[in-house]
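Have a look at the structure that comes next, please.
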Amino acid sequence: MSLQLDAESAAILSPGIDLRISRILGRYFVYGCLVVLAAIFLAPLISMLFTSLKSMDEIRSGNILSFPKALTFEAWQHVWGSACIGVTCGGLKGYFGNSFLIVVPATLISVGFGALNGFVFANWRFRGDHILFGLILFGCFIPLQIVLIPMAGLLGVLHLAGTIPGLVLVHVVYGICFTTMFFRNYFVTIPAEIFKAARIDGAGFWAVFVRILLPISWPIVMVSIIWQFTGVWNDFLFGVSFAAGSSQPVTVALNNLVNTSTGTKAYNEDMAAAMIAALPTIIIYVAAGRYFLRGLMAGAVKG
Amino acid sequence: MRLSFKMMAFTAALSASVSGHALADESVEVLHWWTSGGEAAAVGVLKDDLQKKGVTWQDMPVAGGGGEAAMTTLKARVAAGNPPTAAQLLGMAVNEWSEQGLLGDLTEVAQAEGWDKVIPDQIKQFAVHDGKWQAVPVNIHRPNWLWINAKIFKDNGLEPPKTWDEFNAVADKLKAKGITPLAHGGQPWQDDTIFDDVVLGLGGPEFYKKAIIELDETALGSDTMIKVFDQMRKIRGYVDPNFSGRDWNLATGMVLKGDAAMQLMGDWAKGEIVKAGLKPGVDILCVTAPGTEGSFLFNTDFLAMFPVGADKLDAQTKLASSVMSPAFQEAFNLVKGSIPARSDVSGDKFDACAQKSMADLKAAEKAGTLMGSLAHGHAEPASIQRAIFDVVTQHFNSDMSSKDAVTALISSINAAK
Amino acid sequence: MKMANLAINHINKSFGNLTVLKDIDIAIEDGEFLVLVGPSGCGKSTLLSIIAGLDDHTSGSITIDGKSVQGLEPKERDIAMVFQSYALYPAMTVEQNIGFSLEMSKMPKPERLERVGKVADLLQIRHLLKRRPGQLSGGQRQRVAMGRALVREPKIFLFDEPLSNLDAKLRVEMRTEIKKLHQRLGATIVYVTHDQIEAMTMATRIAVMKDGILQQFGTPEDIYDRPANVFVATFMGSPPMNLLPAVIVDGSQGLSIQGADAMLPVPFSAVTRAPQGKKVLLGIRPEWLSLASTSTYQPTLDLYVEVVEPTGPDIFVALRLGEREIMGRLPTGSRTRVGEKARFAVDLSKAVLFDAETGIAI
Amino acid sequence: MSLSKRLGKIMPAIVLSPSLAVVTLCVYGFMAYTALLSFTDSKMFARFDFVGWRQYGRLFESPRWIIAIENMAIFGTLYIVCATCLGLFIAILIDQRIRFEGVFRAVFLYPMALSFVVTGVIWQWLLNPGLGLEHMMRELGWTSFTFQWLIEPNRAIYTIVIAGVWQVTGFVMALFLAGLRGVDTEILRAARIDGAPIHKVYTRIIIPALRPAFLTVFVIEAHLAIKSYDLVVALTKGGPGVSTELPSTFMYSMTFTRNELAVGAASATVMLVTLASIIIPYLYSELRHEPTT
């Protein structure tokens, strides 16, 4: 932004040679820093990927960042389809499906509620509205460990213990706080006159929400979906506490798998398993990162 | 509240029994952390056994931290009124769960099958509460073993150490030759496994009983205890620099590969030895930990039974009965590396180490030196056990003096009481 | 089109201790063009919102066509509103924007499209119907916003500073256009602005407001020629009315201008109401000054010319009388030169006297 | 009033009430429950025999808790400072109209996408002296290279900082970038024409203009730091010894491993109060300036 401005303002000033050189040096500096930092940030992922594609012999003898000499997908195949987790030897694939069964409804429901709550908080003034919003916001910050036991009791009362719907419920409850914050902060940036105009046009609550608001909310919808999807997908604590054996999410299976290795640790398998478990969220971030930033700019973060 | 948890469990049981009245649910869900190779294979034995009896096995493995994660899961499940059919618990944990009134009752089948006669008293005291059988012992582990890479000892002309002094001498020699004397993983329970061995080895069984089981303050504050910590400090010098956070099976792997000469570890290490294609007692020697000959620290995995609905009672009984059958006890423990909890199982099929273990158990039982292991939850409730771990681990990982460690030990125990 | 009269009866509004509107009482006839004008924060937009039903009031009532609209939702009041920011729905096409209110009232689609088309033709925006607001210029958006109001064929149109986001040229064009629409439709309009020229040019009635209080309500001529108080006098008109502090002398016959050695007769209209010795402000609009011919019968002042600003049709002159500055507005071609002293005739028949203490016209 | 109209009036309340109900119960109800437990002598499960402030006394007498608090101070400070500085720096770099902006952004953001189990697997492996960085450097010929922070009790906490900063920096960068893109370009242009050098433009104009972003970043980092549990468990499990214990791991182990439910609840209450003292002023200042339309 500012360098582009340079070009214009420098033209107004005096485009001396010194300035041009320093600009070129500046460009090198910028790219240099970025490339070095990017390499550092990527190293763990690359090392993980390469390791997962090596044989154990090569891992022991080689460099963590060297490209595999003999590419092998054995580790990937093994952890996906046939690795033993407890007494069942079906790999991660079943748990992968469980995670989707949990993540998709949990994300959609919490985003839906968040959008509605955000709409209400942004557009209805009532006594104590700020306090109520503050209360919901503070829910974002609760350390989740403390809710495990009381939550388990609640799920028991609801007859949802050990079920996927139960797990979805838990994720929705603690996700709503975040999605409400995102949407509300986005909606307050929409000019109030639009809502007034809608009222005069005779649009009710749902018409305003569905026809006017939702179509312009996609940046924040994306932010919320990314946030919730990764949060729920990566959850371990709730998964391990509230899921019965066959409905455990992939993170729990990954933990079991990684801690299951016998004798010599099969690092290639650990890494392959970790890659598989991380793939959906990485894909989401990479594919939708642009929207994430756009959504943040559009008001997820007040700035 | 205690009452209300009981209520919850029973309400769940009741509702299950109402709904499943007509059709018995022939399945068991078992929460366990037997996920490591040898262990998982051993559980497989039980699963197959039950399947033959028409009972399906719902696996609920939660790995990590010697069952710590599994305990969280169990608490959540029980708080939800949705306990598993059975859960793997260590001795003191069975006590604690029983005290909460949260365990079921197996007395009927126990009497029918005469379990009383075949289980050693010291183990029975964890399984039976108020005259009710509430858990079934799966095995007996002995944590006070020293595993030795036979080739390294032979190449260097060393003899297995019988006392801690001998151990130090051996270790010094190995170290001088650039061989890591002791394979170890820096996790609190592993640190404490060594600590148990040192307390027992330097102080003898009476001291162990006084200090560890009775928490006698004079014993805890005695010079012997200072010597114990001195020895711990020496041992710290015998492990490789990379030990921190290492899992036990990786440490065992070091001994198997010859990267280290010895490991102080329970007999579950045998599972790893066998899996690696080596022979316990031949390639890897098993001797009792220095100075602990004649005593037997034990560690038993129990399957604690939770109250289930009438529809699942049959399957639960079958599970318990299966676990207690001599055939299973033999098969399971052959794979797992431990010895059967039943005293009437023949040792013929077991390896030399296990046979020694079985003999030592009988002798220790008679001599009154069969004692619960602290490291493995058979000596103190979790809060005190962990309070001791804190000090042992803290001392092991710092330059704390032995005197300070003793003081810290006493205050830590008192704080947890 | 069905038009309606509007009565605003003793409206009060307050937030806690803060009074936003105080006893506003205005009534207009069918087809009138009422402009609410005043500086920002005067309460004019709040009043508009109350008429629309978007805002509550503390006491008083609004009647449209003689019927109270108390408790009615905006959509039930048969009004339409054009907003300052246009408030177009970003995700809808122009067609959908204009037709939205009809859609909400469940009008069948063919009929709806026909009405939208008619309005689009009226506003000459038919070619824009499929576009979205983001693809329109400011002026086009303004038209769409108007279209959205027109399509409802309401009893009353409410405009909330609709032209303030347009550039000067477009603003003048749209001003004329709105006025044309008003004449063509005969619609009743309530129009909020802070721009006194808009108020003067468009209104049939003007309500000048300040600090939540109605200062004056009347026709543009009333407001301009006979301001009720000093505020109205200075707010309306550009350059504003000159106010000269003066004292009544000579048995209510003469005005002694303070800070200058000058005398004027008391305007005829105020003679009976201004006692001897009273302190007053003499209000003179710039155009009531003219270069005095030798034969003038009007009273004159000798003024020093400080600045001359030709604007095209007029010349604004900044004049000095002792310590006082006076703005004058002369026809183009008047011969004045900076730095000269000239004699100016004052049209006292129109001049207004204000009480110096209260600011109220005498 | 007609039914539908009345319904329309209370629709916001209808829409809001389920969320408010669950938040009241599952956030505040459970917090209150936790606070209540901290005054009991609960061990394995809740038991309502009240013992006053005794558990808090035990808590602050526990050397582990003191270590946890000290670590929190070290970790929290370093984590917030490093992540903020690095995040801002990267955001400024990316804001220079660079090519492949999307690629760079994705690279810095992806660690956010990983779960702690995965993060733990990677970093344990990278920081393990026998396998990771040290091993690699030695293989490459730098035989004296040592990097053993993971296993040194006094340094292990810094490995948590490294992994934590690695994970959160991308998010911080995104927040700052969003803020940078919102800075009024007119001001910048004016400043440049006034002859201000580029670094002055940043230090005097842009960074002050990012104040709201800083606040958001700080609050997000602070709450992540206090809640940080996953990273420690995945990387060091609190070790070596107890050298990387944090309040959250302390609370967890008290509650679930040691059957000291009440002490765990007391530590959780202390954490909550600390969090509240950071968050509430922030929320207050954020919401106070909201327009009341």
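Labels A, B, C and D are assigned to the chains in the order they are written; within every chain, residues are numbered from 1.
Keep in mind that, in the parts below, contacts are C-beta pairs under 8 Å (C-beta built on N, C-alpha and C of every residue); 3 or more make two chains touch, one makes a residue touch a chain.
In this text the structure is predicted, and so the values were computed from the model without any measurement.
Contacts with chain B and chain D are shared by A. When chain pairs are compared by contacting C-beta pairs, A-D ranks highest. When you average the Cα atoms of each chain and compare centres, the chain farthest from chain C turns out to be B.
In whole angstrom, the spacing between the mean C-alpha positions of chain A and chain D is 15.
The distance from the centre of chain C to the centre of chain D, each centre being the mean of the chain's C-alpha atoms, comes to 56 Å.
Centre to centre, using the average C-alpha position, chain B and chain C are separated by 91 Å.
Of all residues in chain D, those touching 2 or more other chains are 45-46, 252, 256, listed in ascending order. In chain A, the residues that touch at least two other chains are 148-151, 204, 255, 258. Among the residues of chain C, those touching two or more other chains are numbered 73.
Those residues of chain A lying in contact with chain C across their complex are 191, 193-194, 196-204, 207, 211-212, 215-216. Taken in their complex, chain A has these residues touching chain B: 84-88, 148-153, 155-157, 159, 161-162, 240-242, 244-246, 252, 255-256, 258-265.
By the touch criterion stated above, chain A contacts chain D in their complex at residues 1-6, 8-10, 12-13, 26-27, 30-31, 33-34, 37-38, 41-45, 47-48, 51, 62-65, 113, 116-117, 119-121, 124-126, 130, 132-151, 154, 172-174, 176-177, 180, 188, 192, 204-206, 230, 233-236, 251, 254-255, 258, 267, 270-271, 274, 277-278, 281-282, 284-286, 289-290, 292-293, 296-297, 301-303.
Those residues of chain D that touch chain B in the shared complex are 42-48, 58, 61-64, 124, 128-130, 148, 150-151, 153, 156, 236-237, 239-243, 252-253, 256-260. Residues 8, 11-12, 15-16, 18-20, 22-31, 33-34, 45-46, 89-90, 93-98, 102, 104-118, 121-123, 125-126, 131-133, 135-136, 139-140, 166, 169-170, 174-175, 177-183, 185, 188-189, 192-193, 195, 198, 201-202, 206, 210, 212-213, 216, 223, 226-227, 229-230, 248, 251-252, 255-256, 265, 268, 271-272, 275-276, 279-280, 283-284, 286-287, 290, 292-293 of chain D touch chain A in their complex.
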